[in-house]
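One chain, chain A, links the two complexes that follow: it is found with chain B in the first and with chain C in the second.
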Partner chain A sequence: MKTRYFLALALLVAVSSALVVLAAPPAGNGSITGKVTYTGTPPKMKPIDMSKEPTCAKQHATPVMTENLVTGPGNALQDVVVYISAGAPETSASSQTLRYDQKGCQYLPHVLAMEANQPLEIYNDDQTSHNIHPLAKVNPEWNKSQPPGTPPIQAKYEKPERIPVKCNIHPWMHGYFVVLNTSHYSVTGNDGGFSLKDLPAGKYTVTAWQEQSEPQTQDVTLGAGESKSISFTFKVLPY
Partner chain B sequence: MRMKYAAVSFFSGVAFVVVLAAGSPCSAQIDHNITPVTTTAASKIGSMTGHAYGVIDSGAQVYRRYCVGCHGPAGDGNGENAQWIDPKPRDFTAATFKCRSTPTGTLPTDEDLYDSITRGFVNSNMPSWRPLTPELRANLVAMVKSFSPRWQAEKPGTPIQITAETPVTIESVLHGRELFQKMECWKCHGPAGKGDGPSASTLTDSQNNPIKPFNFAAGDRFKCGVTNSDLYRDFMTGLDGTPMPSFADVIKPEEAWDLVHFLRTLQPMDTKERELWKTYAAAHKAYIKPIGPDTGAQ
Partner chain C sequence: MGKAFAALLAIITLASVYFFAARTWWMPVDISAHGPGVDHQIIETMLLTGVLFLLSQLALAGFVWKFGGPGEGRRISTFPGGAKVVVFAVFVVVGIEILTLSFFGSKVWAGMFFAPAAPNSLHIDVQAEQFAFFFRYAGPDGQFGGIHPELINDGNGNYFGLDPANDVAARDDIVVGSLTIPVNKPILLTLHTKDMIHSFFVPELRIQQDIVPGLEIPIHFTAVQTGKHEIVCTQLCGLGHYNMKAYIEVLPQDKYDEWLKSQSQ
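== the complex of A and B ==
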């Protein structure tokens, strides 16, 4: 009896997943890649004084620098979120759980991009309490204490929003959650590079966001299987 | 008109009071246009269904008369008096409230808002509105809720459970003291609860305005109610929009009461908790480890 039930269930699952595959929009193989750079003089990042939190200070051989505007070799701009803001095929939110760490009194990564409704786990890897306080305005704002050794905090944001994250106990701790309604996004690394893959033919708007600059957009039209290269340049000021 | 008040005060056991202000020619005075809320005069708002009985139309009039100066016509806290006020008037469009019975990040219940209006906020410009009738205060709740679309899209959170208070013993106070150290309450509230911890001077609220941690030693009333249960609720729900986080996931209910008992010893009032602690401290002076940064072997 039981096995038959399971067989039926398995069949049902197989059929329904086949249907889902059929119903899903065609995952294209086009891509938009490129690099984010800056012109002008970037502000000098300042060393952070963590002496009030010795357990964190001793984790860093050299002082950690502020991260409002992080640059890389060749005028590359780091921590820029590049994403498709219009024209992207609709997808259901990824169920892959993202990890966000509080380590050495820093947020890792400094900028975390995620899809709306994507599960998020926030860890405290330090020997000190943190209070994690994402200053959401569109989504509900919450503020939770997380002493050392406590389980990760589960979170999820329903609406697209750029949310500054801070720890009130350690005021230098500062980061961003960037909640998007697309799975096509990329956060630039030290080389400023980004790549948006699996795009079907279509007309897209690509947005690049850096935390202390005005966001920029570009329209890109992709043919089937086409790959295009674009670049973003942010004008930066030394203050 | 007189009849209306008489009716409200007499209906102590009836759920629905419907008084028609039909044919009333007087509309100059605000009292004359009140549609009574559908609650008994004695019952508090929301205690029957958990939802507001308030009437926005009436609330709007009362709001314009008493609230608009600080909270502004748009409810965003930018009234004409706001520039002179610190802490700033609440921005109702954000629907973020300090005093709630509900978990952090959720909307408060109508009763929470009603209680806040009734209580006022100590050390701020928000007075107690107890002089307004319960009906008017209920209508103000409805008005406050009209400023943010969140109230249409979301339900208030489920109030956190407050367990029965444990006995006040020296063990409870001492364990609460350990928690005050371990949960790092002292980093903002200071080792002696004077609001002078190492992070205190850097604190800002979610609008980026400077904000002070509560100073227990000043003997002020607590912002969200004066009882032990109110104190318990404060750190379990957190005060949203401020640096005060929720400890609901990290403090167990029985521990929470220990922390409440310890916090009472920080106040200058003669409480049982303070008496117990004073006696203990006098007898164990040499053994008590001070609260604050771990100064042990590095």
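== the complex of A and C ==
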């Protein structure tokens, strides 16, 4: 008798958990990891002269360099956005607020990836005015002035787009907003590594984007709970 | 009341003349070879207009003193011949003064703007944009790369629109955000602007030149003193105009050579 109850209970648990799994978006535990590297000779990054903005210049012991192609040890390529461009399960946008800083007359981070509709706060940490101008074409374009001590600017982008960001006051300040319609993305650090986690079994297209190169894509098929390693290689030229 | 106003007028006149004569707020130091000519011209203009200013303001004060009060049944006097004669006389006197100043001043002006730069001039390219100046040196090969406006990209530091991929001369061009020059060497700047009208003003060099989109504007000078000064934009060019500046540093030749070498590495 007891066994029968137990079996019934076990069945109930099994069925209901199966229902829960079917109803909720399939959050798998598969992953795609790898590294972005370059071949060829990368261009020399140029030092930025900030002498006209002494409050910024004094924050840097050595001159800040341009960041259009940042490399790391072992031919690693930094600031590459790797994301699932097709096949990812649909999710609602993250409500976690992202922070973007204008500090020492630089944009930190240089490349900020975000989900469409994800809230964004833009801070001016400098003792000088900034005027951030994201050059959006698909989303509405705006620019906002931010004297020192201004509260952060609240922003949000509704459509996926790669948006160059510039400062209307300091011509050397440049960055990128990469607005994506997936939560599965990764921006490479100095080691060029990326990792896309929590993927259910399926067929995916993975895109790697670097600001001055042609984007690359790869198709990856994942089984349930499978982890695959892929790599992207960008060909770079010295000029 | 009339007398008090006349006295006030005289005091304001004498005080303002005093501050000019005593050079209380005077021009900054002059570091250019052509500067003494410009300063001489400015002082000549100041003297001529200053004397006229002093005489006319004191005459005005004198008339106010004498005739400013209320007078019963006073007859209104007129100049013999009426106002027309006075207006004509003033027109002639002021006209002659302005023409004379322009005539003598044109020599200094022509020396700066109409005479060609010395053949041994150091050529530096200037790019102005909202809200900064950039300077380009030819680099070790002594050749400037061509300019392709469509390639201008602030993000990778290509402020001039160089094409190093296809243009060998552009590869060693030195692009910096401050102007460094050797002392006692003729300098030839070619001024460009990327976006709108700006102006290149160095008070210590006695040079102020507008930079107009679509034009290549040459300007030449020789700095005769070492030191560091500010280059400012004097055409209201937008939000960041107040902060559109760069520095000019005049170095002895050997220090300049060192600096140039360090830049081309």
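Throughout what follows, the second predicted complex is superposed on the first by the 216 of 239 C-alpha atoms of A that agree within 3 Å, B and C clash if a C-alpha of one lies under 4 Å from a C-alpha of the other, contacts with A are read in each partner's own complex, and residues count from 1 in each chain.
Just so we're on the same page, a residue touches a chain if its C-beta (ideal position, glycine included) is under 8 Å from a C-beta of that chain, and two chains touch if they have at least 3 such contacts.
Treat the numbers as computed from the prediction; the structure is a model and nothing was measured.
With the C-alpha superposition on chain A as described, chain C and chain B clash in the combined arrangement.
When the two complexes are overlaid on their common chain A, residue A:212 makes contact with chain C while staying clear of chain B. Once chain A of one complex is fitted onto chain A of the other, the partner contacts of A:146 are limited to chain B, with no touch recorded for chain C. In the superposition on chain A, contact is made by A:66 with chain C only, not with chain B.
When the two structures are aligned on the shared chain, A:135 is found in touch with chain B, with no touch to chain C. In the superposed pair of complexes, A:237 makes contact with chain C only, with no contact to chain B.
When the two complexes are overlaid on their common chain A, residue A:174 makes contact with chain C while staying clear of chain B. Legend: residue contacts after superposition of the two complexes on their common chain; A:52 is shown touching both chain B and chain C. Looking at chain A, you'll find residues 52, 128-129, 131, 145, 168-171 touch chain B in one structure and chain C in the other. Of all residues in chain A, those touching chain C in their complex are 43, 46, 48-53, 66, 68-69, 128-129, 131, 145, 164, 166, 168-172, 174, 211-212, 237, 239. Note for the complex: chain C touches chain A at residues 129-132, 154-157, 159, 164-165, 171, 175-178, 238-240, 243, 245-247. Of all the residues in chain A, the ones that touch chain B in their complex are 52, 54, 128-129, 131-133, 135, 137, 140-147, 150, 153, 168-171.
Residue ranges of chain B in contact with chain A, taken from their complex: 94, 96, 103-106, 150, 154, 182-184, 187-188, 198-199, 202-204, 206, 238, 240-250, 293, 298.
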